[in-house]
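As written, the chain order gives the labels A, B, C, D and E, with residue 1 at the start of each chain.
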Amino acid sequence: MDLLIIFVSALLINNFVLSYFLGICPFLGVSNKLSSAVSMGMAVTFVMTITAIVTWPIYHLILAPYHLEFLEIVSFILVIASLVQFVEMFIRKTSEAIYDALGIYLPLITTNCAILGFALIAVLKNYTYIETIVFGVGAGLGFTLALVIMAGIREELDFADVPESLKGPGITLLVAGILALSFMGFAGLIK
Amino acid sequence: MDENKSYLYDFIKGLWKENPVLVQLLGMCPTLAVTNAVVNAVAMSVAVVFVLTSSAIIISAIRKFIPGQVRIASYIVVIATFVTMADRYLAAFYPAQSKALGPFIPLIVVNCIILGRMEAFASKNSIFRSILDALGMSFGFAIALLLMASFREILGNGTWFNMRVLGSWWDNWMVMILPPGAFLTLGTIVGFSKFLQTKFKKA
Amino acid sequence: MNKKTFPKGVHPPDKKELSKEFKIEFFPPGKTVVIPLHQHTGAPAEPLVKKKDRVLKGQKIGEAKGFISANIHSPVSGTVKSVEPHVTPLGKNVLSVIIENDGEDELFPEIKPLKDDPFSYSPEEVRNAVREAGIVGLGGAAFPTSVKLSPPKEYPVDTVILNGAECEPYLTTDYRLMLEKTDEIIAGAEILKETVGASKIYIGVEDNKEDVINLYEEKLKGRSDFEVAPLKTKYPQGGEKMLIKAILGREVPTGGLPFHVGVLVQNVGTTYAVYETLKTGMPLIERVLTVTGEGVKEPKNLQVRVGTMFKDIIEYAGGYVGKPGKLIMGGPMMGISQWTDVVPVLKATSGILVIPEEELPKKKEYNCIGCNSCVEHCPMNLVPTRIVVLSKNERFEDAKSWGLMDCIECGTCSYVCPANIPLVHWIRFGKSGYIKLRKKSEK
Amino acid sequence: MKKQYASEFVLSSSPHIRNKESVPKIMYWVVGTLLLPVGASIYFFRMNAIRILLISIVFSILTELIFLAARKKDLSAVFDGSALITGILLALTLPPGLKSSYVAIGAFVAIALGKQVFGGLGYNIFNPALVGRAFLQAAFPVAMTTWVPPVVQKVVDAKTFATPLGGFKFSHILTPYKNLIIGNTGGSLGETSAILLIIGGTILLIKKYIDWRIPTGILLSVFVFQGALYIANPQKFANPLYFLFAGGLLLGAFFMATDMVTSPITPKGSWIYAIGIGFLVVLIRVFGGLPEGVMYSILIMNSFVPLLNRYTRPKILGEGGKK
Amino acid sequence: MSTLLISIITLGVLALLFAVILAAADAKLRVEVDPKIEEIDTILPQANCGACGYPGCKNYATAIVEKGEEINKCSVGGQPVTDLIAKIMGVESAATTKVVARVHCRGTEEAAKRKGYYEGIETCRAAALVSSGDKLCDWGCLGYGDCERSCPFDAITMMPDGLPFIDEEKCTGCGICVEECPKDILELHPIDENVMIFCRSQDPPKQSRAVCKNACIACNICVRKCPTGALTMENNLVYVVAPEKFTEECYGGIDKCPTGAINFVHPEKVVRTDKQENDKA
């Protein structure tokens, strides 16, 4: 049940994008097309899960025992950067189309604060190994959910008569605001 | 192009014309997250000024020794080091601020503004120019943050820098210091600045 | 009565009472007739005559070019005034044979039936005769009938449906024809059935023509190969795909034709024309049409020669009432608006409709409010509003995936749209855009 | 340069006739049916109801006008009735004792953020009235959950007065069904009288101005989901019928979720949308922190509408058949 | 001291580990891309207009490098871009002549009547679907501005007389408008070509005359006045078949054209050396 709570919480209530403000750059950048939103979401979920698998042992088995907590940031970012590079190579090899669609945003996963933020928050919350992994999947899927909803809406807004200066990031942020308002309905779902 | 521009331009471009937040839309995460109070925004801005400038100095100094393939990794290590310093400093001397900012100080590491300036400017220009650029950009960031935070704190709490500015007649708009308020404020400000930019361009 | 129908559709006011009661009158051709050489689906015919030639009634003046094309014959005897582009009801200027009518109606000597008994023709002979006579679908689409009668071998046709639905408001052409030429139509249907090797004939008639239904049920009592299928009065009941769905429950596959589900659909007027040709040897040079609308004084059903000018017909019908707003060839739902009445009747001109200016729908256009009316009524089960939005934004490939090319342009969506969006026009726009895109990518 | 014409005829694409429906006609029919709950609210809450309705409507229309003028659009669009509906709907979702200034803010946000930033009528993703209400709920959470009893009801302790749903959730007090149906209960202005809401909704259903699938789907799914819970534990969970009549469900199901612009255009999409709303309503009402969740449910499902439209294309006649 | 040591060892080991993994992955998964493609792509104007015959700038760059496509196909970038590409590819630069789109119609609202009151979507392509356009002349400009909207360079403006005006400075000759026009009125011409037929009507003279004051009525005067063979008459319409042959001897035809269908694009640029000769003609 604890695991379910962690999962639902990361997915809906404390959605990374809508309430933690993590991963806003890709959220704004890759949400203009549904297809790339899905692949971006999947890539983030994937990287996040692996990050969970890798960073937990590093922190709890290496850094904490030797009191090297101050190396947290440096080592985590190292792990993530390598992982992302690996994923990038992999996608480039396997699907030219996805690679073209994600374009410059794949390397940006490295600087996607959702990933590093997730690793840091997992440490802060003192989750167990399994909990960390579930948290990672939940947070990744939560990110994907927000991204996909936003992409759906933005594709629709392509046809709308949005005021010129609000086009693009402006309206996206406003929609995100309304989404965040509606996701507040989930508050208190889990005490 | 930049070679032809003055040193002054290196500095001021970040404030408005190439403002990292309002125009380039970089570093949105902290902009949204830490602007629920002006104090937080200031703390964040100071940290960013420190990290961006220090990293720019180091990167610019060693720019000729870094091999192309591992440059990004090297930038990150440098940045991460300074971020750790800032984080520890804040935690030690201003524990309350550190707690309020949560993971967002460590997250400066992945702030696109910083990495972006390293890649686009510091790695190609002299130390002095890099410092000017870094200062300009981080001040631009700070301006945007302050603007956001002022809006949100005044509307949401009736205060500015924890000082009461609106009378007791004011009913706090709770929503402004909640996540939706962050999105709505930033959306409005971004839209408005785009409106101004196009207006100026035409004029 | 067991009334059949298809899902969705609309009920526009049928206005058939304007011309319903008037018997078909013969209207003699005017002094000059204009025969466009391209009035059918497919390739234009090639002229066989030149200026100053004398032509006789029924003489072939245009030769079909290619498989999907149709011969053109002279409807009168007289002298060719010129062969030059002339404006047609379809919009474009088309190479036409302009004939000075001598009023003699001298028959071309070769015109005589191949056989005395129309029932003794072999299927091949029927096809040849129909092709030679230049018969095309008279319902409006003007598709060469001989092509329709030659379905590919791998698709055996088991059913013939006579289309007497006449779902377009105002028009009473098929209604009058069915009442007055009952025996000829039944005989023609039987010949069609034999030609394509079908075993069953359905006659689809909407229930606002109850007298027709009763008449045919009376006539065909005891015939197991015929069945009268009363249909609910609903637009577009007379669309081929709707008719097949309503009567047989079969769905013509997307991009397919009726023969893909073993059906031949033939308009009653065409059936009558086929029978007449086999019986008399006369090619298709005249047809029945309705001249009607609130904008003409005396609506009528007329038998006219192809090439007769709209202007003459309208004058015969008492002229315009008030200021005419729209002159339409065909019905109000799918007809083509005209800018001049100096255009000739084509083989496929089923009606001439005049809507006075004050009757024209004058509604303000709004943004689409997503009311779903078009979705709820589209007989093809499309989502017109989505196709329109995509076409509007030039996303033709996406529009295609939403069924852009499956639209039959029946007009139902535009008719019901409360926001008054010209949906059909946008869909046509989308289709032309998509075709252009395809051509470009093929290049 | 003046255009020259060769004839007086009008040229246009077919079809050449139109039926008699129009956007304003639909809108004013909705306004007309909304007069039923409006009447009820005025009866039960008197001056409060009139005050809130007036402010909400005036500010909605004013905001609409400002935006139309700023964007140099046709000002007559303000008469299409949509802003009026938003104003009425917003008022109907507000607690009767709400401060006037809050109502004005809500109306401004509803039209500005809920509708005009998307480009106006037809383009908005979220129901404008609900955006306004959600904003107020987040901005003034206390004021938005402070309820005033109907004028006609004698209540001893007005301070702790609760809505039927709140009463059940926090203190397990059931309001009698008779009161729920007639409307003699606490709650937002327009959600009290079940019977009038049903009558109004039925009129719109008969006129086909709302998609029958949506209210049907919402009410059925709430009934089924809550019914399942009720069967599992009748002590803990409310009777599904109580859930249908209490709170804003009927108002939401008939007048909010059915908003044409923000609901799916495909039949299958409408079903999923409606069932999704029903599910979320039960989820939030039963397990969430708030007693009522209709507004949030509709807003959340609004955000899925573009995706639903995209993936629920109806089967074209003859599609899948072999050539 | 030990903290420092352990830090160094930890980070060092981690770094080494990932370096090895990435190096291995790099060797296995590397995708070879010719850097020249990237280089050329950055030079190209990124208008993605398709004038070169490829769907976008990147595809053209790829085609140059991989298929040996000619380097002078980017009309948008013009000569400078061609020169730069030549440098990258290490080949001789090819000459690009600037072409611009021109309007083969002078059927202004005044000169050419409309058929009737068109009600519908205000684009040329949509109007062309109703009665094949509401201009009385089947070949004439419909005037709803599809070309103006399609131009990615803002070079086209619809004028009050109902015809498009093309700014030849801004026009890059990408040909998008040429494709967009449902009436095929626009055509690309080398910018230095100065004589043009402002009409496309192949209708018989009687008809052309009836529908448009400025139409070519196939009177043949200009062809007769031009002995060099620059012009021909075909299908009731004059064509400039050899613009380079349109020398001063032919100018008389332009002066005598009864409708102005043949004319100079830039009359101010025309230099007439022998005025006498002209006057006589």
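By our rule, a contact is a pair of C-beta atoms (placed from the backbone, for glycine too) under 8 Å apart; a residue touches a chain by one contact, two chains touch by 3 or more.
This structure is a prediction, so every number in the text was calculated from the model and none was measured.
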item: Partner chains shared by chain C and chain D (touch criterion as defined above); value: A, E
item: Pair of chains ranked first by number of touching C-beta pairs; value: C-D
item: Chain at maximum distance from chain E, centres defined as averaged CA atoms; value: D
item: Rounded Å distance, chain B centre to chain D centre (Cα mean); value: 41
item: Intercentroid distance (Cα basis), chain B paired with chain A, Å; value: 21
item: Centre distance in Å when chain A and chain E are each reduced to the mean of their C-alpha atoms; value: 46
item: Centroid spacing, where centroids are CA-atom means, of chain A and chain C in whole angstrom; value: 60
item: Where chain E touches two or more other chains, by residue; value: 115-116, 120, 126, 129-131, 134
item: Multi-partner residues of chain A (at least 2 other chains); value: 71, 74, 78, 159, 161, 163, 166, 171, 174, 177-178, 181, 184
item: Per-residue multi-chain contacts in chain D, two or more chains; value: 6-13, 113, 120, 123, 135, 138, 309
item: Full enumeration of touching chain pairs; value: A-B, A-C, A-D, A-E, B-D, C-D, C-E, D-E
item: Interface residues, chain E side, partner chain D - complex; value: 108-110, 112-120, 126, 129-131, 134, 136, 160-162
item: Chain E - residues contacting chain C, complex; value: 115-116, 120-121, 123, 125-126, 128-134, 138, 179, 182, 203-204, 207
item: Chain D residues within the chain E interface of the complex; value: 1-13
item: Complex contacts: residues of chain D adjacent to chain A; value: 71, 113-114, 117-120, 123, 125-126, 131, 134-135, 137-138, 280, 283-284, 287-290, 293, 295-297, 299-300, 302-304, 306-307, 309-310
item: Interfacial residue positions of chain C with respect to chain E in the complex; value: 84-85, 90-93, 336-340, 422, 425-426, 428-429, 432-433, 436, 440
